[in-house]
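Each remark here refers to the structure printed beneath this line.
Labels A, B, C, D and E are assigned to the chains in the order they are written; within every chain, residues are numbered from 1.
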Amino acid sequence: MIEVIRITYYIMNEFLQIRLLQVLPIGWNFGWSLLLIPLLPFAGFLLLGLFGRKYIKNSAGIIATALLLVSTVLSIYIAYVYFFEYGKVMGMYQKFVPIQFTWLEFSQGVSIDFGVLIDPISVMMLAIVTFISLMVHIYSLAYMKGDERFPTYYAFLGLFTFSMLGLVMASNIFQMYIFWELVGVSSFLLIGYYYNKPSAVAACKKAFIVTRFADLGFLLGILILSFHAGTLDFNTLVQRLTVDGSEELHSAYTSTFLGASALTWAAILIFIGGAGKSAMFPLHVWLPDAMEGPTPVSALIHAATMVVAGVYLVARMFPIFSMSEGAMHFVTYVGIFSALFAALIACTQTDIKRVLAYSTMSQIGFMMFALGVSGSNLKNGSLNYSGLGAGYTAAMFHLFTHAIFKALLFLGAGSVIHFIHSNELKDMGGLRKYLPITNITFLIACLAISGVPPFAGFFSKEEILLAAYQHKALIYWIALITSGLTAFYMFRLYFLIFWNKGTIVHGEHHGEGGFAMMLPLVLLAVGAAFAGFIPFGNFVTADGKPMEVVFHWQFSIAPVSIALAGIFTAMWLYRKQNNKPVAIANSLNVFYKAGYNKFYIDELYLFITKKILFNLVGRPAAWFDKNVVDGMVNLTGNTTQLISEKIKEFQSGKVQQYAIYFLAGVIGLAVVFIYIWK
Amino acid sequence: MNLILLILLPLLTAVLILLMRNSQQVKLTALIGSVAQLALAFALLLAFRNERVAGNEAQMLFELQYNWFPAWNISFHLGVDGISVAMILLTSFVVIAGVLVSWNVTKMTKEFFFLLILLSLGAYGFFISLDLFILFFFLEIAVIPKYLLIGIWGSGKKEYAANKLALMLMGGSALVLVGLLGVYFGSHQKSFDLITLANTHIPVEVQKICFPLLFVGFGVFSALFPFHTWVPDGHSSAPTAGSMFLAGISMKLGGYGCLRVATYIMPDGAKEYANIIIVLSTIAILYGAFATMMQKDLKYINAYSSVSHCGFVLLGIGMLTKTAMTGAVMQMVSHGLMTALFFAVIGMIYERTHTRQVNEMGGLLKVMPFITTILFIVGFCSLGLPGLSGFVAEMTVFMGSWQHPDPFHRIATIAACMSIVVTAVYILRAIGQTAMGPLKEGYVNLSDAKWNEKIAAIILIGGIIAIGVAPFWLNDLIGPATQIIMNKLAAVQPK
Amino acid sequence: MSGSTIIFYMLAALTLVSGILAVTTRQIFRAAIFLLFSLIGIAGLYFWMQYDFVAAVQIVVYVGGITVLIIFSIFLTQQAGELLPKQKIGRLLYSALAAFCGFALTMVQLCQHTFKTTTEQPILPTVSNIGDRMLSVEENGFALPFEVVSILLLAAMIGCIVIALRSKPTTA
Amino acid sequence: MQPGLYHILFISAALFFIGVFGFFTRRNLITILMSVELVLNSVNLNFIAFNKYVWPHKMDGLFFSIFVIAIAAAEAAVAIAIIINLYRSHQSIDVENAEEMKF
Amino acid sequence: MKNEKLLSIIQFLLLGNFIVGFFFNQTGTLFGGLFTTNALMAFEKSILSLGVYLISLLFSDWLKKSEHMPEFFILMLAALLGMFFMISSGSLLMFFLSLELSTIPVAAMANFDLEKKISSEASMKMILSSAFSSGILLFGISLIYGVTGTINFAEIPTLLDGSPLQILAFVFLFTAFAFKLSIVPFHLWTADVYEGAPMAVTSFLSVISKGSIAFILLTTLYKVFAPMQEIWYNMVMLLSIITMIVGNLFALRQQNIKRFLAFSSIAQVGFILVGLSSNSIQGTSSVVYFVLIYVFSNLAAFGVAGAIAQQTGKERIDDFRGLYQHNPFISWILALALFSLAGIPPTAGFFGKLFLITAGASKGNYLFIIVAALNLIISLYYYLRVIRAVFMDKNEHPIEKIILNPSAKLGMIICGAGIVLVGLLSCIYDYITALTV
């Protein structure tokens, strides 16, 4: 018995030992409850994943939603506590690491620690992720009802939420990478949810592989940083690499490769990781295809949460990025190009979800270049965000508002799809009669994304444009055009769905899907309408100090008018059924076609993978293995056999011949040892 | 904790199996024996931790030494450190899973289980021996059972594969033998004792000759490029449990030997040839991965991916840093569990669909959710998903590899890192084609896993997750042991 | 040139020439007879070296025994008068070459070697000396080899009898 | 020139290789046996010669040759028995008719 | 049956012979140095006695049916006696005589399958070849005698100086050993004789004869030709490599199990030479140890092959396909034997080969050792061929159940036990080492 207790003790000691590094007594006694936020969805995942299929098939949705509700309440409570009670010390929002334990120690100082990092952006993200996720959970109760793998669906949602929350809370860059990968896999599972559909299978594979490729960059970036900084902890990392004259910074600056410093390389590589998840050009190809997943999933993953992981990553590493001008430029240009590029494609697409996907990509491009243009002043060595840090706040703000209205757009689209059982715009039209609530909420979202005041998007986009304007005129102009395009394609979508031709609805339609589907729409619509009035600069800034966001009404004239222009163009073209769009498309033949075919990026990828990777690398490798390496082995065997066959004549069966060989052997040995080998 | 038990237990099981009358008894005996092995391995782990916690800092614990052939200075010297304990745990996991998945073997059941247990005997003996002679003895013991397992119970080109495997492995062990003899005489100790040799400075010229012999010799077991060609054929032809043992245990013998024997006792040689090792293992990693992409047979897929994954083991060893070496050992454990599970799943699928060609399958998730879920898990482990063991091991190797600032090591590391993308490609391709997509006709009535398969899978997954979620215990186990090897390496003057 | 020398050369010629003929003639009886002459020549050489006892044994065993045995076996196995089959020319050449090389090598080495000579008192090979030694068990005695040879002869005899006296084959 | 050791050694070596040549080339088993007898005799000659000219104070060579003669007799007897047996089964004593086993 | 009773008595006496061997192991000389003995020689003789006893057990079926069983034993025991004398011989004369005593009766025995053509062919080949080799040997001895003036083993080493004629003489002498031991290129008779002779004789030839020659070769090289160590080391090394390679290459392609074992035994001899080349105590003890193991292993293989041939007349490896189906016991014995011959642990052959190689490696000639080690692989290939036939290959008409008589079964069990235990029980090797010192 004592043995058993001892063994149990050791097992506990070995397997469950969590070594706490620090639990900061920061005034709230809520520290441990932070862990509950990600762990509750994870518990849901385990519960539903292991037992869902057999035992709790029907109540799966309720259980998962309830768990997430607790999480959401907790995160909002924590956001409240952080921003309004304990977060601000001496006028600055602090970074806290209330919980941390060493998970895997590579070498002295370099270890993967699991911890919780509390700072403005993580708290903001916690709230937004849990909130959107909760909305999606609720929405799915109706949307996915009757699906064969209902519990599995919720299990995957739980896993995803868990991973995303873990990513957000990460206190260690490797921890972030770990959850980053988990996010990737949950998105794989969710995209491939309809696993019987070959297109879904292809899409989930593509999503995973493309982001994996990007993650390679992230990983290498981590390796470089860890080598130079000797740590993986975010706080220590920032501390070591941003202090002028520190040994680590010196080594990161001085070791160069292809003309760029290690720091720049690390930042760029990490950004590539982020670009993969955030679908920046040219790693965006997975995003449109990922729309094969259930629509609520698209709302969750491809609108509000996962795709902004890249933005979050760059924001998290912002102090380090800001140490490298090259990296900041890289971020800026990739961001702005992706924004424009995606907007152009979005104008031509006919699949409702794809349009939304490209719009997501475009909006994330906005966030990215906003981060990029908020580079710090490095001239005198010390950090100085003043004036230029505006982009950071703007990006975070836009992330926040975008999450809300993009989720709303997707859920609205889901509602439409639920009703019409098709993704194609050509099957839709005139749905405002059938889907009144959806119509209104969708319109609000479209206005928000187009940047029409006073909806949420207006404020955040305004700040981004302002930051761009202060940085470089070129960026500003492109951004402006893109925002016009945004308004155009969003309203193209809106009019094509809800106006345009009248759709004949066959038989008895089942309305808007009931309370469970409408509640999230309404809640999100309220958010999309009013979230812009939050004084974001008071909470989230690059350096933690609240920043006064000055509102210049003169400056807004251009963006608002270009947005309105876009809206009216869309209205003119699409409000009623006519042949103007076709005519325009025909007149822009080549461009239209290129845009419609997503500028042939997919084909390029296909060429690279199928033709080059498979045919020029994989096939030769397999061939080489089969014929050369294996051939060598077989050749050895065959040669032995062959020699064996060739020398059989010695054993001729003639006894006299044997004697001749005998004598020859004697003479040979004698000659060798008398004359040659003395 | 008497280490002899680890040898006696499988021996006893094997003898009992031979005495049993019918196949049911044989299976039960094998199962009980393997459960006992698992219990023993855990007991060893706990006892080991107990000693360490109690402050026993000796390099090897539970040492035993009996004189055996005193004329040659051979002694039956046993002892374990963290690495051995980890490998023993791995072995016991794979053995029990192997026994369980072989529950349906009807052809010559007695012989089958006898050979399986014999194979485990060889592995245990190998991992606990501190005398190179008995190490070699156990290394070779494990070869012939593999040959017979493949040859008798295998499928496809089984004779060819069995022959190739046996001959290549014997070739490897022949090189090992010559290397060992070189050390034996070259060290002027006339001793096979690992500790004695490690405490001796073997002349550098001897190391330069013997290190490659030993490393390549063991490397053959561990699929060192270009001596990996037995792997695909052998694995694909072997019966399920055979593949599991082969990839899960046998390939680890090589990695363990490279680390414990070659690198540990000959640090000069290791430094001399480190670059070559790195080049070869990087080639193996990438090349294995690319070759896997082109495979259509599930077993070939896993076999080539084993080449790729075992490359990490050798890369970790070749990098000669503590972290990388720890990663190499972790990768051995991780890959052992993972690949055993992978082969188990393949076996289960094959038993039902009677094909291993991925393009002949599709949508199996619908009819056998349990099995395909395992396939997903093992696939994710293979492509290094966090939370599963593969990630931990690979990341440790990468971290350790990146410690060298010079471009050569950097490029090797980057190339190795690239394999995680390629791995994702082939794993997803395989999973996508088998588990997902429309269900093919004729597969509608297939059944899901049975109890034995479920238990086997759960045991292995338990191991994978235990490492993936809580790698620190494995790290704590291995770390001090690799530190000793590193100390020995560090004591050597740099070139 | 003394008479002894002449006798020596004659004996040598007899031995070698009939030896050569014995291995080359194509008539088997003649071969046996030439062998006989060659053996007699050797016995003569023994006489010439004053090893009378050995010479006598040579004549008794070889001339009286083995040659007769051979001739009998020829009778048993050979149709009289038939020529022996010809050997292939290639074989002849190679054999001659091999034999000659061996011979040359041996002779070169023998001639280059200077044999030591002893000054000790020689022991004469008289019959009594031989007899004493043959049955002595002391040093330089040969009783044990004598016994071994006797066992060998016994075994050989039994072997011969078993082989040669086989019962009629039961099957064709 | 007085014939001495080397002369006899020449004779014996020549005889030895004559015997060897015969052994290589004769096809009839009995003639092969005869060649063997030549070989053995040449060796005997060697022994006697060495005993006489080099080591006359010992009788090892002499005894050796006597025993060789005895052995030769035994060997010949057995060989002839075997040959006769072979003749019964093969109806021939040509050595080339007894080459069934090879390679 | 009269034979049966007689056979039991003979078996009993042979067992007695084996046991008694352990009680007479004093050191000493007799007959003025012609006969020497010591504990190691006594042990070597015991190994041979054991082999003969095992042969009498394993081939009891064949022996019972043989008309000439008593004569067979007389000849075999005469040959054994010759070997005893040979091992103990203290002079070249004794050596030569006992060598003939151990050869001529065996040549007669080879013809004991009187009705079979190949048996007489084998016998003829053996007697002619051995006569030829006797001629070569005698010529060598005569030269040694001429050069040193003595035929006494104790005196020869003091008189050797490595002059060319001595080398020539040594080559002549050594090739005779090589002939008996089937060292390439003097091995050509081996396979033909093994194939044609009755199985019992083949096993006697391949195990007992070989063993005895290996023993006397140890004495000859280590003691008598000690001054010419440099030369014979190179010669042994050269021949060892050629022997292993050629033996293996030929064994690869054999179909007849006896021929197969013949070539495999040639390859084994190559390994013996590896150990022998070390010229050390370890060399002696490992060779003796290996021969002991070889007795068990090879006799087990021959015993199984003999049992099969006796009942079915099948000697081809192809005929063994699917043997395991009806005959698990003899299949396992055969497998054990072949594994032991291939040097796979835990069989004794592993230890035997390893010690030979280790002894050989003490000279520091790694190339030689690598060649030896690589030859292990080739040899494994062909041993596995038989294993494959027995265990894996399918056969429509596999060999039916072989009924073993009790003594054959006993013999196989002894062999099997020997194969397993001689290696694992290190005391046996220690005992041999103790005798060697």
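Note that in this section contacts are C-beta pairs under 8 Å (C-beta built on N, C-alpha and C of every residue); 3 or more make two chains touch, one makes a residue touch a chain.
Predicted model, so just to flag it, every value in this text is computed and none were measured.
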Going by the touch criterion stated earlier, list every chain that contacts subunit C and also contacts subunit D. A, E
Hey, what chains does subunit A share as contacts with subunit C? D, E
Per-chain Cα mean versus the mean over all protein Cα atoms: which chain has them closest together? B
Which chains are joined by the largest number of contacting C-beta pairs? C-D
Compare the CA centroid of subunit C with every other chain's and tell me the farthest one. A
Euclidean distance of C-alpha centroids - subunit C vs subunit E, Å: 31
Determine the centre-to-centre distance between subunit A and subunit B, using the mean Cα coordinates as centres, and give it in whole Å. 35
Inter-chain centre distance, subunit B versus subunit D - centres from mean C-alpha coordinates, in Å: 65
Which whole number of Å gives the spacing of the CA centres of subunit A and subunit E? 75
Which subunit D residues sit where two or more other chains touch them? 16, 19-20, 23-25, 32-33, 49-50, 54-55, 58, 60, 63, 67, 71, 74-75, 78, 81-83, 85, 95, 99-103
Of all the residues in subunit C, which ones touch at least 2 other chains? 91, 94-95, 98-99, 102, 105-106, 109-110, 115-116, 118, 140, 142, 145, 149, 152, 156, 159-161, 163, 166, 169
Which parts of subunit E, given as residue numbers and ranges, touch two or more other chains? 93, 97, 100, 104, 107-108, 111, 114-115, 123-125, 128, 132, 146, 149, 164, 168, 191-192, 253, 381
One finds touching chains in the pairs A-B, A-C, A-D, A-E, B-E, C-D, C-E, D-E
Per the touch rule above, subunit D residues touching subunit E in the complex are 16, 19-20, 23, 29, 32-33, 36, 39-40, 42-43, 46-47, 49-50, 54-55, 58, 60-61, 63-64, 67-68, 71, 74-75, 78-79, 81-83, 85-86, 89-90, 95, 98-103
Sort out for me which residues of subunit B touch subunit A in the complex. 46, 49-50, 164, 167-168, 225-226, 228-230, 232-233, 287, 290-291, 293-295, 304, 322-323, 363, 365-366, 369, 380, 383-387, 391-392, 395-396, 398-400, 402-403, 405, 413-414, 417-418, 420-421, 424-425, 428-429, 432, 435-439, 466, 470-473, 475, 479
Where on subunit E is subunit D touching in the complex? 92-93, 96-97, 100, 104, 107-108, 111, 114-118, 120-125, 127-128, 131-132, 134-135, 138-139, 141-143, 145-146, 149-151, 191-192, 195-196, 253, 259
Please output the residues of subunit B touching subunit E within their complex, sorted ascending. 67-72, 74, 133, 136-138, 140-141, 143-144, 147-148, 151-152, 158-159, 162-163, 166-167, 170-171, 174-175, 177-178, 181-182, 184-185, 209
So in the complex, which bits of subunit D are touching subunit C? 1-3, 5-11, 13-22, 24-28, 30-31, 33-35, 37-38, 41, 44-45, 48-60, 62-63, 65-67, 69-78, 80-85, 87-88, 93-94
